[in-house]
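One chain, chain A, appears in both complexes that follow, with chain B as partner in the first and chain C in the second.
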Partner chain A sequence: MKLLYFPGCSLKNYAQRYEKSALAVAKRFDIELVELKRWNCCGVVYSLASDSVFHHIAAVRNLIRAQEQMHETGNEKLVTLCSMCYQVLASVNHRLARDPEALETLNRFMDEEEDYLGTIEVLHFLQVLRDYIGFHKIKESLERKLENIRVAPYYGCMLVRPKEVAIDDPEDPSLLETLIASVGAKPIEYPFRTDCCGSYNVVANKDIVKIRVLRIIKPLLRNSADLIISVCPLCTFNLEYGMKLASRELYGKSIPVLYFTELLAYALGLDYALDKNVLATLNKLYEGGEK
Partner chain B sequence: MKKLVTKISPELAKKVFAISGQNVYACYQCGKCSAGCPIADEMDLLPNQVIHMVQLGDERVLESKAIWLCANCFTCTVRCPRDINLTAVMEALRLLTLRKGIYKLDLRKIEHVEEFPQIALIAAARKLTG
Partner chain C sequence: MTTSVTVEKKPKTKMVKIYIMGREYLVPEGLTILKAMEYAGYRLIRGVGCRAGFCGACSTVYRLKGDYRLYTALACQTTVQDGMYLVQLPFVPAKKPTYDIEKLTPDLSSVLKYFPEITRCVQCNTCTKVCPQEIQVMDAIQAILRGDLATAAHLTFDCIACGICSMRCPAEIVHYHVFQLVRRLYGKYIAKPSKHLRERIKEIEEGKFREELDRLVMAGVEEWKKLYAAREIEP
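On to the complex of A and B.
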């Protein structure tokens, strides 16, 4: 099966690990993620002004690129990995499906592009795992059963809120727990798995990120979490950055933050797709757990 | 906030409605938004106070830090029993300043700009500048 894939800026720079491991996992299950030939920034944050469509232009351009290329995959689906890209593209799509006037305005603005028809379906890779691969299939394909590894699922905001584009229950999601259990590891319960990491406050008010991360991490240290798995490049950055800022309050302790695709790639034996340091961290935990 | 508002005006609520489509008068001040807000502890006004000031037409809300600290996590929005998108109200209040060309972040003065991934920089620029 082929699915169109929108990477976004982080996946090509800061979060290359995320892309590499996700592509390998998809390939393992015979899904080819076909990168859009042309794409641009999604806009990162969805504009909430209902009196303007100006800030949706970047997202719509990407949706049109997907429309232009969908003959290659034979379907109208567009997969994202970054949860911020997912939320922006899905929210713009959601609005345009209900606001024909906004769609018309945006189409009139496009010069070289064809009109956007509003039919692209934006998916997050977690939905691909759930709906096109299936967690049972993952379970059957394990090369390593990650027993005794204690994994904290961290959803952040963008995949579970707002309701209109949420891929799981906003108050009680279970996708990551199911994923963790399907690789044989132990999902850790804690109260802040869908709490905000502080987001872009890291640029202008980094103390906010420090306070948020302290709140999220403390119960995980108490619960002896071995790993945190994240779905978002900005959450990953903030969790790591926040733990550094709060290292005194955390008594110098920290917990490795991995993308969920890295845990999965490791369990499936796709070591070639893993960053050296990530592989070392996972090997240590896996071998430690075997004793 | 020094003085109490003595005259209630719907002008601010009208502006917020025009930008966000949100009717702040639907709010009955239950406080669920403030209870769930992950950043409320750091705000000078709680989210329900922000909306209350808009209900009263108290323009001093535009000077608050709270509206700029809101990180658009949508926790208040998914929990509001009156279905108000408070995240969009916060955005409308920011836009009332940003659309005048007054920005809250000077991109040239970000400390250690090289430390941050583009996802953080662009998001901040989108929310804190025009």
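On to the complex of A and C.
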């Protein structure tokens, strides 16, 4: 099966490990993620202004690029990995499907492109795992059963809110827990898995990130989590950076943050797609767990 | 007896009506915008250069009667049409930072150090729409923003720095200076070194062309004229 794929800027930059591991996992289950030939930044933040459509242009242009290329895959699905990209593309798509006037304004403005017809379906890779691959299939394909590894799922806010574009129950999501369990590991319950990491405040007000991360991490230390798995490059960055900022408050302790695709790739034996340090972290936990 | 003399009448040149800075002129059909302005009496000192579509000095904007669009072009490459509203842009003011290419690294941080404003791109794509060289300008800025300098360097290879993109950009990016930095970084650090260039530089340094050049310098005006007329021209 072929699906169009929108990488987003972070995945081509400091989150290359996320892309590499995700592409390998997809390939393992005979899904080819076809990167859009032309794409631009998603727009980063979905604009809530109801009287301006200008901030949707970036997202719509990407949806048009997908529309131009969908003949290659034979379907209208567009997969993202970064949860911010998912949120922006899906939210814009959702709004335009219900606001034909806004869509017309945008189409008129972008007169150098073909009109966006509103038919592209934006998916997050977690949905592909759940709906197109299936957790049972993952369970059957394991090369390593990651028993005794204690994994904290971290959703952040972008995948589960608002409910119009949420890929899971906004109040009580379970996708990541199911994924963790299907690779044999132990999902850790804790209260702040859908709390915000501080997001772009990391640029201008680092203290916000520090406070958020402290709140998220503290119960995980008490629960002796081995790993946190994340769905978003910015969450990953903020969790790691926030732990550094709060090093004193955390008594110098920290927990490795991996992308869910890395945990999955490791369980499937796709070591070639893993970053050296990530592989070392996982090997240590896996071998420690076997004893 | 009368002798009739047939005088061959020169076909009358068709004239078109144009407006330069709001004033109406009749100019012969088929002139370029640049020549039409000169025909109308303007003497262009700036805003004109090679007259061959390469130097990027004669960027221009115009509108056509009954059309809402603001068109952009090189004045030396575009012929006048009836009902054109014209103005010649003499110059594009732009920040041009000084940097030492030896001290830079070929990545996004180097570009952001001198051009932080590129992060203001809202992807309206106006730059791409107005580019007379048909460069995917916005795609190039976006490639830079994700650290892909090689793609940006290739996309902007045909840039002639006319500056129209920079005048229309709502984010006030000076694209052509950004692209020049990116191509310099690409050329110096990313692209494979070209073997024939190294060989040629060695030949020059060893003085292989010295004699020929000296002879040319001493040849004198008449010889130069002859050589110029007989020069090889690229097809």
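Here are some notes:
As a convention for this text, the second predicted complex is superposed on the first by the 291 of 291 C-alpha atoms of A that agree within 3 Å, B and C clash if a C-alpha of one lies under 4 Å from a C-alpha of the other, contacts with A are read in each partner's own complex, and residues count from 1 in each chain.
We adopt the following convention: contacts are C-beta pairs under 8 Å (C-beta built on N, C-alpha and C of every residue); 3 or more make two chains touch, one makes a residue touch a chain.
As the structure is a computational prediction, the values presented were derived from the model and not from experiment.
Annotation for the three-chain superposition on chain A: chain B and chain C fit side by side. By the touch criterion defined above, A:142 reaches neither chain B nor chain C. In the superposition on chain A, contact is made by A:13 with both chain B and chain C. When the two complexes are superposed, the chain touching more residues of chain A, out of chain B and chain C, is B.
When the shared chain is aligned, chain B comes close enough to touch A:195, but chain C does not. In the superposed model, A:38 lies in contact with chain C only, and not with chain B.
Once the two structures are overlaid on chain A, chain A sits at the apex of an angle of 80° toward chain B and chain C, using CA centres and rounding to a multiple of 10. In the superposition on chain A, A:57 contacts chain C only, with no contact to chain B. Applying the stated contact rule after C-alpha superposition, one finds that A:48 touches chain B and leaves chain C untouched.
Using the contact criterion defined above for the overlaid structures, shared-chain residue A:102 touches neither chain B nor chain C, since it reaches no partner.
In the superposed pair of complexes, A:1 makes contact with neither chain B nor chain C. Taking every C-alpha atom of chain B against every C-alpha atom of chain C, the smallest gap after superposition is 6 Å.
Chain A residues 9, 13, 41, 43, 55 lie at the interface with chain B in one structure and with chain C in the other.
Of all residues in chain B, only 18-21, 38-39, 41-42, 69, 71-75, 77-78, 85, 87-88, 91-92, 95, 104-105, 110, 115-124, 126-128 touch chain A in the complex they form.
Those residues of chain A whose C-beta lies close enough to touch chain B in the complex are 8-10, 13-15, 41, 43-45, 47-51, 55, 82, 84, 157, 161-163, 170-171, 194-196, 198-205, 207-208, 211-212, 215, 233-234, 237-238, 241.
Against chain A, the residues of chain C that register as touching in their complex are 108, 121-125, 128-129, 136, 138-139, 142, 145-148. On chain A, the positions that touch chain C within their shared complex are 9, 12-13, 38-41, 43, 54-55, 57-58, 61, 109-110, 112-113.
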